[in-house]
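So that we are looking at the same thing, I have put the structure below in structure tokens.
Naming follows writing order (A, B, C, D and E), and every chain is counted from residue 1.
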Amino acid sequence: SISQAAAEEKTDFKVCWSIYVGWMPWGYLEDSGIMDKWAEKYGIDVEIVQINDYVESINQYTAGEYDGCSMTNMDALSIPAGGGVDTTALIVGDYSNGNDAIILKDKSDLAEIEGQNVNLVELSVSHYLLARALESVDLSERDVTVVNTSDADMIAAYATDDVTAVVTWNPLVSEILTQSNANKVFDSAGIPGEIIDIMMVNTETLADNPAFGKALAGAWYEVMELMASGDEEALTAMAEASGTDLAGYKSQLDSTEMFYAPADAVAFTESGDLPKTMQFVAEFLFDKGILGEGAPSPEFVGVSFPDGSVYGDEANVKLRFDTTYMTMAADGAL
Amino acid sequence: MRLINRKPSRITAFALGAAPFVAVIVAYAVASHYRRLDNPADKLLPSLPDMASAFGRMAFTPDRRSGDLLLWMDTLDSLERLAAGMGISILLALSLGILIGFIPHVRASMAPFVATFSLIPPITVLPILFIIFGLGELSKVMLIVVGTAPVMIRSVAQAVMELPRELIIKAETLGASVWQMMMRVVLPQILPKLITAIRLGLVPAWIFLISAEAIASTSGLGYRIFLVRRYLAMDVILPYVIWITLLAFILDRLLLLASRKAFPWHHMQGESL
Amino acid sequence: MRLINRKPSRITAFALGAAPFVAVIVAYAVASHYRRLDNPADKLLPSLPDMASAFGRMAFTPDRRSGDLLLWMDTLDSLERLAAGMGISILLALSLGILIGFIPHVRASMAPFVATFSLIPPITVLPILFIIFGLGELSKVMLIVVGTAPVMIRSVAQAVMELPRELIIKAETLGASVWQMMMRVVLPQILPKLITAIRLGLVPAWIFLISAEAIASTSGLGYRIFLVRRYLAMDVILPYVIWITLLAFILDRLLLLASRKAFPWHHMQGESL
Amino acid sequence: MSAQPKVSVQNVAKIYAGTVVLERLDLDIAAGSLCTIVGASGCGKSTFLRMLLSQETPSRGRILIDGEPLPTEPTPDRGIVFQRYSVFPHLTVEENLILSAEFDAAPFSGKLRGAARTKAREEIAETLDRIGLSPARDRYPAQLSGGMQQRLAIAQALLKKPKILLLDEPFGALDPGIRADMQELLLELWRELSMTIFMVTHDIHEAFKLGTRVLVFDKIRHDPDAPDRWGATITYDLPLGRPGAQTIPDAKALFALKNTTRGDAPNA
Amino acid sequence: MSAQPKVSVQNVAKIYAGTVVLERLDLDIAAGSLCTIVGASGCGKSTFLRMLLSQETPSRGRILIDGEPLPTEPTPDRGIVFQRYSVFPHLTVEENLILSAEFDAAPFSGKLRGAARTKAREEIAETLDRIGLSPARDRYPAQLSGGMQQRLAIAQALLKKPKILLLDEPFGALDPGIRADMQELLLELWRELSMTIFMVTHDIHEAFKLGTRVLVFDKIRHDPDAPDRWGATITYDLPLGRPGAQTIPDAKALFALKNTTRGDAPNA
């Protein structure tokens, strides 16, 4: 159907996610019945759908086929918000703390990247990471050649002689690092809190249906508790769903700063660093021409924060960081 | 005696036919061996025993999480999608193909559109397909349809147009209506050509199936390959590819056999590759 | 008068042929209009003027970053890859196809292998292609080759086998060697069929080209589509798809024309769809 | 003959994209004639039959049957047998023969089942015997020899009891022994069913042996600068009466005469 | 004839996968004979020619030419003209005719250029005139009538000056006028080049009109339980001397005799 998910009171909701270390709980929620339990509690029905292709999942959400979707702060700004779909960050799940990395073949210093071909998924967080890393060594994107490479092909690509530098994320990073000639020269731990993985939902839908937000948050933080307690069964299920084993999954978690406790997520979202991060992101996107042809400046799309402040155009706020539901979880109010 | 007049004996022919397969396997084994000498943990070209054991695991060890035998579950799911997609394509090919080939007005109206449509690379319009058909089973099936139906429609229409005009005229003089001609003269004579079209269409159908499963699915042969590709688990991927090829081969032979059985009159007129 | 005996006039035929295209455009415009009523910034179904302006921008406004006219650069790069890939496929189809079709020993040895090979979905063995051909232009070109050559080889071989045996015998009685027969009897008679095979092969070739450009590249029509897909820029994607379809259509017609010009003797025997 | 002619061809011409193929055809054929047609290859014999069958329309003039204009498309009152492709390759001998009964009886499916089918099969049993194909009733045409196929084609056309039967080189692909048998069969059936038959043949002997009337088609006018300007017409129209023991004129002599004036007006 | 026969067929049989097609063929053909071959469709006439051409090998027996065993594959000393597909559709008339010269002169490219090509074209100019195709020299076969194509095919075969010419129903597709012309042409060339000709035809008249010797192929033994058990052989072998004014025996009578004993031993 072409029509957008109508913003009105309703009982059936659909949320999509794609395979990534910080989002595996969404799959577990659905499989384990925890989601159903919480949805029932609020008298609604929530379907959680796995979409393998990350970009396709965001596109589907943007097109109105889903009420929520897991994505990064950067993609939320560029795709749904940039496409006029008012979007709210419902659950800030984690930030990448080493999960995204720049890897050089046979070289161990970031500055040596100069002049090389760098394989990465163009316009993704990898691209952003590269831009931020280059800044840190006084280089710019003009000093390298970016080669758009699909994430699915990244490991095989690294195995070829043509490829000398890659920027990618886990589990691909750890796979590549098993090769003796691979050196991690920069990772997202160098820009902590800038690559954030969030469950984004449609603002209108959420406003009309608070039960939707409560059910998702309740279910999510139940699983977070399981994970924090090291529940083997849950972790193994997530590991296998992502195609690896428990040890592999745990090593991916090590480089992910999960907000197991809702209070931590609230604190992170309310901190003063977030607006700065979003400004970096918006400038990066504007520089790449992603915010749309009509965008006269990085401030074209407004981003609002929990304290009510807004970055960018106040008349065109399309991305909202909102801690309401996380706070409810933290307060045990769900 | 000239080479073209020399025919290999059955045994020679068999040996010659097997040779390239053996050569590929040997080349692989050697390449794999040397890569593993370099790096014993090499994942790109796993050893043959590794692949066999990975395949055995997928086929005979129940998955710990779901308790399923993954290979069979994947195969079943993929074949279902393939069957659904090809089923729809076949219906379209038969109905539209016969109408286009048989009725000049329909031909004038649909032939240019179908021809143009067949030139659109379906993967470029994936987002649109997913929006129109959702992300469920339907969109996977429809990707197969969009990728295979136009060409199949064209070959059926072409086959209808190639029916000797004499037969149509004869049917008219025997008092047949247009509908009767379609059912009794055109359709049955087209069926063997349809099977040929299906056999040709299955090649892209598999490709589109795998592409669709890689984008939105939680099971299927394409999904599995996509999933383990992030870990470069070639010990699973390669056996899966061989398995897919084998399935495709068996399907192809079954169709040929079915055609021979069902349309003996068609196969009395000489064979092909 | 029965429907099958009624032929549309030229004007009717044109109107009928245009109708589905017009219908699609109108349906799109309506759907797009209603979506944009909902959300004026909707990216999924941009308005026709938006698409036109995006296309104009790609074609005539130098890129801010590189200063290139992106559309033409992409088109050129893609066509180069397509030409290289199809070029290799054509050479393979001609050489292997003629050998397989003409020389029984080669047929016994290669036909089963080529048939099996043609069933492997190439995207599943990408990692192997990378190892063998690297990640540069070569691997993109080779993906096209792997995707198109087997089928083309088979159709050329089939065409060789379908040459009337009488002509080969006649050539033998005129004292031709095997090589001479290949050059003067088989090859020239196969060329028109080769063009048909190329026209058929171009459909998957475009698909593989676009898939290949999604793997690792910095330009090309497929690259651009995948890149802007990251922000759902359908206002660029849709005109690019139409552009690709148009290019494919023009190529197809040029090949048909070339065949008519170069092989008049072939086209004296009746036409097709 | 004072009765209304069965077929009346009035000043008919056929022009394909500027090429005049046939012109000035004027002809009345009495009911029950067996009209054989000979002429050089490409002179328009098949075109003439196609017009009689309503597969083509005359560019000029008109054709009447029983005084009525021809229908605009092939109808069951005119049967046809071609040189090739005359039987349905996907049906067995028996299925080929019951097909027209099926068309009549089952407007939707075009297929008879059960008792109705058994009955239809019984009805054609005699015909099968008559054409000597009873033992081959379950074979497909590809399993029949050329002569058997043509017998089947003729039987198939005749079962519909057409008033007019058109034969386009029906025996051209057969060898002499079988050909002679087929000629006998045709004459027998013609006498029995009192049809009007038009038969194109390449074989002058055959034309004179079978026909009650022989039509020779040829171009009589040539314009060396514009070879497409003039078409063929009927240069000889020879009424022979009963077919059988005519003396056969020499073929070459007949064709050599073509540049003389046209034969007698054919309103026999 | 006491001289060594040109072609000697000794107790030859041909069996296809259990089906006996031909058997007990015994035959000596003198140099310069024009041997016509008739017989029912499918009785093995083409198979016999194919064996003479080394396209097939006899299942039993042997064939000698000038006392030597046949080569194992077609060679330029034996020319062939088929009913169809006898000329190369992708070459013009002239190109078809110079092709064999090109094969001789250019082992690698098989193609002559420049002066050599001009010379080759001059050499065939007379032949072109002779077969009346000079005005059509640049046309493709598809632009020629059936008779023109067959003239071209014969000329193409004859330019190679074969000792033996095999013709498989060469005039079957032509109409009577053109056919008669072609027969004249063939006889002329045969007299001129003193070849040995084998010609299969469906037309008994033609067989008797042209042949110095007529071979009739037929099955003389039938096993109703195993129709594949016995093959056809030569039931009549009629030496006629000079071709021309023979009386033509009645075709049906000839075939009706087939169940009597075999004709005289054919070691003429």
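Here is the rule we go by: contacts are C-beta pairs under 8 Å (C-beta built on N, C-alpha and C of every residue); 3 or more make two chains touch, one makes a residue touch a chain.
All values derive from a computational prediction rather than experimental measurement.
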- [ ] Determine the set of chains touching chain A that also touch chain D.
- [x] B, C
Open item on the list: With a step meaning a move to a chain it touches, how many steps does the shortest path from chain C to chain E take?
Closed with: 1
Open item on the list: Looking at contacts between chains, which pair has the highest count of C-beta pairs?
Closed with: B-C
- [ ] List the centre-to-centre spacing of chain B and chain D in whole Å, with centres computed as mean CA coordinates.
- [x] 47
TODO: Indicate the whole-number Å distance between the mean C-alpha point of chain B and the mean C-alpha point of chain C.
DONE: 19
- [ ] Please compute the C-alpha centroid of chain A, do the same for chain C, then give the distance between them in whole Å.
- [x] 38
Task: For chain E, residues that touch 2 or more chains besides their own - done: 73
TODO: Give me the residues of chain C that touch two or more other chains.
DONE: 2, 44, 127, 131, 172, 177, 229, 232
- [ ] Check each residue of chain A and list the ones that touch at least two other chains.
- [x] 2, 59, 63, 155-156, 159
Task: Chains grouped in pairs wherever the two touch, ordered by label - done: A-B, A-C, B-C, B-D, B-E, C-D, C-E, D-E
- [ ] In the complex, go through chain D and note every residue touching chain E.
- [x] 40-42, 145-146, 174-178, 180, 202-204, 251-252, 255
Task: Touching residues (chain side chain B, partner chain D) in the complex - done: 164, 166-167, 169-177, 179-180, 183-185, 188-189, 263-266, 268-269
Open item on the list: Can you tell me which positions in chain A touch chain B when the two form their complex?
Closed with: 1-2, 16, 19, 49-53, 56, 59-60, 63, 65, 151-152, 155-156, 159, 171-172, 175, 178-180, 236-237, 240-241, 243-244, 248
Task: Interfacial residue positions of chain C with respect to chain D in the complex - done: 1-2, 5
Open item on the list: Residue numbers of chain C touching chain A in their complex, please.
Closed with: 31, 34-35, 38-45, 53-54, 57, 64, 126-127, 130-131, 134-136, 214-218, 223, 226-227, 229-232
